[in-house]
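So that you can tell them apart, the chains are marked A, B and C in the order they are listed, and the count of residues begins at 1 in each.
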C-alpha cells in the first residue's frame, strides 16, 4: 500500500484501488462486470437485489459486491459455483413473476434482466403453472408509465427521486411479494429531471411515453452528442433509427451531468428531424431566389465579400451554432469592421438538487459561452440597428431574425419560413443541424465538448463550418482559417 | 411462575415472581417489593462498571440471537462524542413467543428499571421502548408505569419514551426497529455500519430485548456471581429464561427455568404433556424460525443455547411450540411459510419471491396437486433463501421447511401419493 | 392502487387539541419524520381510517411528501387504508393458535357477525374481521383484538356472547 492504494485480487486479476472503493467498482478495473440491478454509481447503495453476490476468501457467507469495501489482500471470486448458483437463483426468483413480455416490451435488447439471464440464468423456470402477480399499468406523469408486472423492485427510481432529485414522489408500497412502486394521487412524477428514472430502470417497468413502441433497441445507432437544450452542456447519446433521431439519453460525464439529463433536454430532439429544410443553396437572380449548386453559391458569396472589403459587417448568430462555424463567421470578415451578436431564449432554471452545479439552465442555448469567447456579444438590439447600414449582414441559423439592411444579406440556416424576413436575402445556404455534423460547444463553465454526426444532412445541406471554411478559402483567408 | 398457572416447584422464579400480582404494577407496589434499588445503586456506579457486572454475569440476549449482553454494551464508543441511544425491543412477534408481554403487563417497572440501568451503562440520554401495535394492554400498563416513575423522578437524566409499532413482525429485527422509530418503512439495514457505530438517527445505539433488560436489576442487586451460578449445563449459558410453551400441551404458559433445564421435564412435568390420549410428535423450541425437533430430539434437549444447537435447532426466543400426533405437520409448515410471506419487507429478491413461492408449493401439496419433485424444489429454494439476504427472515422461512421435509417426509409423501385427503382447494 | 374521489370538503385532523397532542409527540424525537408512526396513530384514532387526503395532511404537518407517507402507511398492516366496520376484529391464525382451533374461531366470527369474508365489512357496518399473524399470546389461544380490546382464550362457543357484547 505504498502509494496509498489497496491491492486485491479479483478472479485472479490483481488490481490497485483507492481505499473506500467498493468491490463492484474495483472489479471493473479487473475487467469483471459483476451482475447487478439495484446498484448504480450515481445513487446511494441499497443492497437489496442480491444479484451481485460474490465469494470473498475468509468471509463465511457470500457478500454483496456493491456494499463491500476493498481491504488489503482481499481475494474476490465471482465465478465459483456458490456465487454463480446464488446469482442464478436470484434470476430465477426475479423471473417467477416477471411476464414474458419481451416481444412487446420496449426494453428488449437493452434489458439487464435479459442480459444476465442469458449470461448466467437458467433456460427453464420451475415456477410451473402458478399464476404470476398482476397489477395494471399506471400513468405516473407527463412522460413516465409504470408497468408493475415487470418491476423487479430494485428501487433505483425511488432512490433517484429521494436522494438525487430530493423530491420523494415515488415510494415502495405494500410489503412482500405484493410490493410495487407507488405514487400519491396528489403528486405526479412531473419533476424536471424525472425522466431519468426511465433510464435507471434496468427492465421495461418504467417507460417513456414518448419512446413507447417507437423502435427496437437493436435497430438504433448510437452517437455521442451534446445536448442543445441549455448551457449546461450535458453529454448525451442520440439514438437514431433509419436516420431519424428517436431518442435522447444521458451519457455519463462525472464533471458535467454525472449520469443524468433533464426532461427538457430529453425531449429536445424532434426538431432535429424536421422535414421542411432548406435543401439546396439559393442565390438571387433577376430578383428571385433560384436553387443552384455550391460552386455558384460560394462564388457569389466570395464575390460579395470581396466587393465590400474594408467596410462594415454584422453577424447575427444562433447561440446554438458550433464554435467552428462561429469562428469562421468572424474570420470571413477579416478586414471589415465587424459586429457579432446573439440572443438566447431564456427559461426557468431547474436544478437537480442532489448534485452540485447541475441544472437546466435559464439560458436555453448550448454555445452562448463559446460565442462570447469568440467575441460575440449579447447586444443584439444594437447589432440589429448596426445591420441597417452595414455592407454585409450574415445571419447564421436564426430563422426568426427580423433584420433589415441596406447592404447584402446572407442567410445560413436549416429552415426558413416562406414569409420569414430573411427571405429577402441575396444568398440562402442550407446547413446541417447538430445531429448532422461534427462540432464543439463551450458550456457555461467554459468546458469545450465535442459532438458527433448521427445522421446525414438532407439534400445538399453542409455543416456551417464547411460552408464558411470554403468561403474563407475562396477569399484568401484559408491559411488563417486553418 | 408457570403463568397463568401456579408456580411449579422445578421453576426458578426470578423474572416471573410477581406475574399475576396486580399491585406489583404500581410504582409504590414495586418499590415495596424492592424495586428501583438496583437503579439507585447502578446510577452511583461508573457506566463501564455496570457493563462489567453484566458481562461477568454471562447474560445473553433473550430476544433470539443470544448475543452476550455485556459485550454488546461494550461495543458503544468509549469516547462520548455523540448522543447515544438505547432501543428496547418489545415487538414480540415470533410465533410461539409470549413472554415479553407478561413482563410488561405484570412487572412494567422491572422493564423500566432495566432500561434505565442499561441506558446508564451505555451512556444513552434517551431510550425508546418499541412496543408492537397489537399489545394494547401492555401499552396502557407501560404508559401508566412510566408516568408514575417519571413523577417519582427515578431515572436521573435519562428520558424513556414509548413508541408504538403498527403491525410488522420484521420490526423486531434490530435495524428495522431503528428504521421504524425513525418514521420509515420497517426495512432492515445492511451491516456495516453496525448500530453501535451508527444506529438510530445515525448515532451509536444498542438494542436489547425486554426479557434481557428485566434481568439486569437482579444482576445488579444480587451480583454477577449469583447469576452466573444459575446454570445447569453449559457455563456459557447462565441465568433463567422464560419459556413460552404453547400448542398441544395441557398447561400452556410462561415457565421460568434455569438454563440447561431438560425440555422433557418442562413439557411433561410442568406443562402436563399433550392432551390425554395424545403423544408428542414434534416441537419447535425457540420460536417458529428455528428447525423443528422430533420427539426423540425434543426429549433429549437441554434448554440452553448450546444444548439446543446440539440437537440441531436453536434456543431462539424460547417460544416452545408443541405438536402432538393430531397435528398436520404439512399444513402447519404451510401456515408458517405463509406467515413469513406476509411479513417479508420486500427488499431482498430471495425473500420477497421465495417466501411466496414456497407457500404456493406447500398449498399445492395440501390441495392434492403436489408432485414428487416439489420436495426437492422446496429444499433447493430453501437453500437459495439461506445466508444470502440482508436479514434472516428468509432463512427463517426455510428452517421449518427443511427440517419438516427431513423429519416428517412421510406426511408430505402421503399428500403427494394421494393417500391423504386434500385439505385445501387448489 | 386507485383511490376514491371524495367530494365533501376536507376537515383537517390536526387542529386544536389534536394539534397540541402532536406538538407533545414531536418533542420526543430529534426530527419530524420520526414522529410519523405516532402521528398516523392519532390520525386513525380521529378519522377511523387513513385516506389519501389525510396522508397528504400528515405529510404537510411533518414536512414530508404524500408519497413518502403513503409508502409508510402501506407497509404497516394496522393502518387502515379504507373505512372499516365499527368493530375491527383481528384473529390470530398462525401455527401455535392454528393447532388450537383458531380457524374455527375465525369461521364462527365471520358467520355470526354477517361479515362473510375475511376483510369484508358486514352489511350493517358493524364488523370487519381480518386474519392476522401471531398476536404474541400463543399460550392463550385463540387471542383476538376487537378494536383495542385484547381478548384471550376465545373459542367458538364464546363467540355468540362476544358478538352480542360488542354489537
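Here is the rule we use: a contact is a pair of C-beta atoms (placed from the backbone, for glycine too) under 8 Å apart; a residue touches a chain by one contact, two chains touch by 3 or more.
A quick note: this is a predicted structure, and the numbers were derived from the prediction, not measured.
If touching chains are joined by edges, the resulting network of the protein chains shown connects every chain directly with every other.
A comparison of the B-C and A-B interfaces places the larger number of contacting C-beta pairs at B-C. Distance between chain A and chain C, defined via averaged C-alpha coordinates, is recorded as 49 Å.
Taking the mean of the C-alpha atoms as each chain's centre, chain B and chain C sit 25 Å apart. Note on chain placement: the centre of chain A and the centre of chain B lie 54 Å apart, centres being C-alpha means. Along chain C, residues 71, 75, 77 each make contact with two or more other chains. Along chain B, residues 168, 185, 342-343, 345 each make contact with two or more other chains.
Within chain A, residues 172, 174-175 each touch two or more of the remaining chains. Within the complex formed with chain B, the chain A residues making contact are 45-51, 53, 61-62, 64, 67, 85-86, 89-90, 92-94, 96-97, 126-127, 130, 152-153, 172, 174-179.
Remark: chain C residues 28-31, 33-38, 40-41, 62, 71-72, 75-79, 90, 93-96, 98-100, 132-141, 145, 148-150 touch chain B in the complex. By the touch criterion given at the top, residues 1, 3, 52, 55-56, 64-71, 74-75, 77 of chain C touch chain A in their complex. Contact residues of chain A toward chain C in the complex are 135-136, 138, 162, 167-175, 180, 182-187. Chain B makes touch with chain C in their complex at residues 4, 83, 92-98, 100-101, 132-137, 161, 163-169, 180-186, 201, 244-248, 252-254, 288, 319, 321, 323, 327, 331-332, 335-336, 339, 342-343, 345.
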